[in-house]
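Chain lettering (A, B, C and D) follows the sequence in which the chains are written, and residue indices restart at 1 in each chain.
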Amino acid sequence: MADKTYDFSGMKAIFFNGTLERSPAPSHTDHLITSSADIMEKHGVHTEVIRVIDHDIATGVYPDMREHGCTTDEWPDIYQKVLAADILVIAGPIWLGDNSSQTKKVIERLYACSSLENDKGQYAYYGRAGGCLITGNEDGVKHCAMNILYSLQHLGYTIPPQADAGWIGEVGPGPSYGDERDDGTREGFDNDFTNRNLTFMTWNLLHTASMLRDAGGVPAHGNLRAKWDAGDRSDYSNLEHR
Amino acid sequence: MADKTYDFSGMKAIFFNGTLERSPAPSHTDHLITSSADIMEKHGVHTEVIRVIDHDIATGVYPDMREHGCTTDEWPDIYQKVLAADILVIAGPIWLGDNSSQTKKVIERLYACSSLENDKGQYAYYGRAGGCLITGNEDGVKHCAMNILYSLQHLGYTIPPQADAGWIGEVGPGPSYGDERDDGTREGFDNDFTNRNLTFMTWNLLHTASMLRDAGGVPAHGNLRAKWDAGDRSDYSNLEHR
Amino acid sequence: MADKTYDFSGMKAIFFNGTLERSPAPSHTDHLITSSADIMEKHGVHTEVIRVIDHDIATGVYPDMREHGCTTDEWPDIYQKVLAADILVIAGPIWLGDNSSQTKKVIERLYACSSLENDKGQYAYYGRAGGCLITGNEDGVKHCAMNILYSLQHLGYTIPPQADAGWIGEVGPGPSYGDERDDGTREGFDNDFTNRNLTFMTWNLLHTASMLRDAGGVPAHGNLRAKWDAGDRSDYSNLEHR
Amino acid sequence: MADKTYDFSGMKAIFFNGTLERSPAPSHTDHLITSSADIMEKHGVHTEVIRVIDHDIATGVYPDMREHGCTTDEWPDIYQKVLAADILVIAGPIWLGDNSSQTKKVIERLYACSSLENDKGQYAYYGRAGGCLITGNEDGVKHCAMNILYSLQHLGYTIPPQADAGWIGEVGPGPSYGDERDDGTREGFDNDFTNRNLTFMTWNLLHTASMLRDAGGVPAHGNLRAKWDAGDRSDYSNLEHR
């Protein structure tokens, strides 16, 4: 039975999976997502996993690509889910040491909506917590995480402590996360480091999102685009004039 | 007069400057640091700037390198200042598109102390906010920021929204931030994007650090190394056993 | 009239453009490609530009995705063009400081074919020269180039000296490369650094590809997968046994 | 007995080791260096390993820091060795997913000398081959290699195919390369992928450096700073004027 000291009920989390495999093919990344979402669900958080490649998300840099020549675009609907969620986790595989093209497409579309504002006048993503999960054969968890976490904070997410987790094996080709071994166990599932980091990441996302929810988001001062543009400098003094 | 709606008095901030120039030579990065620290000081935050190259900080991977063959090492004293600060900003220049060796040395020494824990049993850096400031001639603010912000969250810092700021000019050689122009004004000081990002970063560091201070840090559940090692899984279920 | 001391006639070059804009919308990156290809054409090199987003290239990690559930896939035809070319330049825009999803898709598909070998038994891309061209508003040329050039050498390309070029403006939003200014001139076209780097890159690609062509590729010794797998160690001695 | 089909006698190679451990403490990276240098030595190549931290190399951005306030600086002597070598390999450990501060210091000093020219008027490093070797516990070989190889090509080195090699273990803490196991064997020494990549890298460095030596370096056309500055455009046409 889950520890109920902390109550996160009513919260929502979205996990993007940037795998290059279409459903119903299995995704190694999904194992990590399942484990993280499982902890959240035990605490009443509603979770949803969006496998990017299964959706008709247009490539481009506008909020709705149907207004820019694409006949279809599922992104505007997905974007509403992102805004409804307290937590966003971008998960994905490593290819040649870097994030996949599907992971990049999601970041591009999130970025394309970054000029939108919330009702306080902050960038729309403010007041939410972001993290990432990465799987690969051999190398690149941190490189991929650097890019994802940088992107998330740039968009307005708060990044909790230790907000990334992942699994890779020894350098070189080899089994991937969750592949069945000869003895029936699964590759990586017994990796204490991965399991601990995933757990810490999940809890820190919950704690941070909860703290932000309780505070009504990030205080709306010193971070308002319209006020800045209107000349309100929030105590910033130009060095030129000092 | 500073807006006093928000009271951050009693808080402390440390800025590391990873410039390769020794004092008293000027540092372009210092201009950004001064502007950010100035906002903080107006709100009662005690700020201190540590220019890394001016200090006898040993290179290495232990908390105190005097115990590992170095005759001197200022790091243990500086580390105490880091722990005493609510906010840490790692600032520095760009060389060949990447962080300087002085910036890397600071990250190495912070990392060398990362196994130390606070009295709750979390990694010692938990409960603080981290950001970065980058200057260069032409390219690399985001690349450098990715690495610094990733390192800070990995160590246990919370990264607020839009926690980086910086200045670079057009691609190619040219004036650096703060260099005097022919008309007596200074390069970059009138860059609205840099000024706005710096202000937003500073306020978001203050808001986040304040929120963490008010909450007594990050809640101590689901992120405790000793408990994990003792078998407490904080609702994590191994996929192997489900 | 072109300097004809160097004769590169009969050589071929492919430029991939990873822009997110579909034809006939203009692409800022195209300006750089045009300038580089122009030098090559003056020396009898056949050049072709492939704007990735205009083509029905499947997302995935196999040489031909039609064998893996996709109804169409132009990649196998494009791959033949890549193999027929002495020079490959991956060009593209910067989004949030990183390569675009279209650029990543091309790298994924190139990588998906990386186990194929040439008739000497080397990885198929050996014996060719690779470079990159990057455009953006404000930051990230080197970060994007690091990833592209790393990927190309990993696949088997030789990277000439100074094999990247690009343009970005001062930090913050602003005109992009080739945007018309009020006075009718075009942004960036007068940037001496960009023009020089582009020229040096182009010539070094030509020199390197020519040198490799004259030598019949990279000598086939010490780099043959099948021989290694058969136990031929090419003078490598395992430290374990020394 | 070494295969003597290829004769590289008279060539020189420099390996920088960016470990944070001072001699005589062992360095995991040294094992990889030894294996690569061993192949070279079997073919008459003179190799030298420079452990950066053992030398009094000043931090800074000038060719000789003694002219800029440092009382000592071994770099000018080391720089001569770099120029005398046909091959440069930058090797080092991974810290928090990135290159060490010692590795960065070497790149800074190499970069500080990058405006110097050879007698053809090319950047001084032209005509040489560069590669890298990386070791770590768990993650980051490609990230570190991206930065090193990018830096080397930017300086003027030619990067051969597959010019990086390294070893990391499964994600999480664990033994490092060459650590003795319970059965007396050494961690990583039996990793076929590492051994093969190291061998391929070494041979491709030899082939490329040899090809460049035979050709008298990179042809001196289209890549000469002074000619460009004097107005010689080497067939580059400004788009503005077409």
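In the analysis below, a contact is a pair of C-beta atoms (placed from the backbone, for glycine too) under 8 Å apart; a residue touches a chain by one contact, two chains touch by 3 or more.
Worth saying up front: this structure is predicted, and the values here are computed from it rather than measured.
**Student:** Touching both chain C and chain D, which chains are there?
**Tutor:** A, B
**Student:** Provide the labels of all chains in contact with chain B and in contact with chain D.
**Tutor:** In this structure, the chains that contact chain D and also chain B are A, C.
**Student:** Taking all residue numbers at the chain A/chain D interface, are over half used by both copies (same) or under half (different)?
**Tutor:** The interface is built from the same residue numbers on each side, given that over half of them are used by both copies.
**Student:** Roughly how far is chain A from chain C, centre to centre by C-alpha average, rounded to an integer in Å?
**Tutor:** Centres of chain A and chain C (C-alpha means) sit 30 Å apart.
**Student:** Measure off the straight-line distance from the CA centroid of chain B to the CA centroid of chain C, and report it in whole Å.
**Tutor:** 36
**Student:** Between chain A and chain B, what is the gap in Å from one C-alpha centre to the other?
**Tutor:** 23
**Student:** Residues of chain A that touch two or more other chains: which are they?
**Tutor:** As it turns out, chain A has residues touching two or more other chains at 96-98, 142, 146-147, 150, 154.
**Student:** Could you list, by residue number, the parts of chain B that touch chain C in their complex?
**Tutor:** Against chain C, the touching part of chain B is residues 96-98, 138-143, 146, 166-173, 191-194.
**Student:** Okay, in this complex, where on chain A does chain B touch?
**Tutor:** Where chain A meets chain B, its residues are 2-3, 5-6, 31, 34-35, 38-39, 42-43, 122-123, 125-126, 142, 145-147, 149-150, 153-164, 178, 185-186, 189-190, 195-196, 198-200, 202-204, 206-208, 211-212, 215, 218-219, 221-223, 225, 228, 233-240.
**Student:** So in the complex, which bits of chain A are touching chain C?
**Tutor:** Within the complex, chain A contacts chain C at residues 20, 22, 53, 59-61, 69, 95-102, 104-105, 107-108, 111, 147, 150-151, 154.
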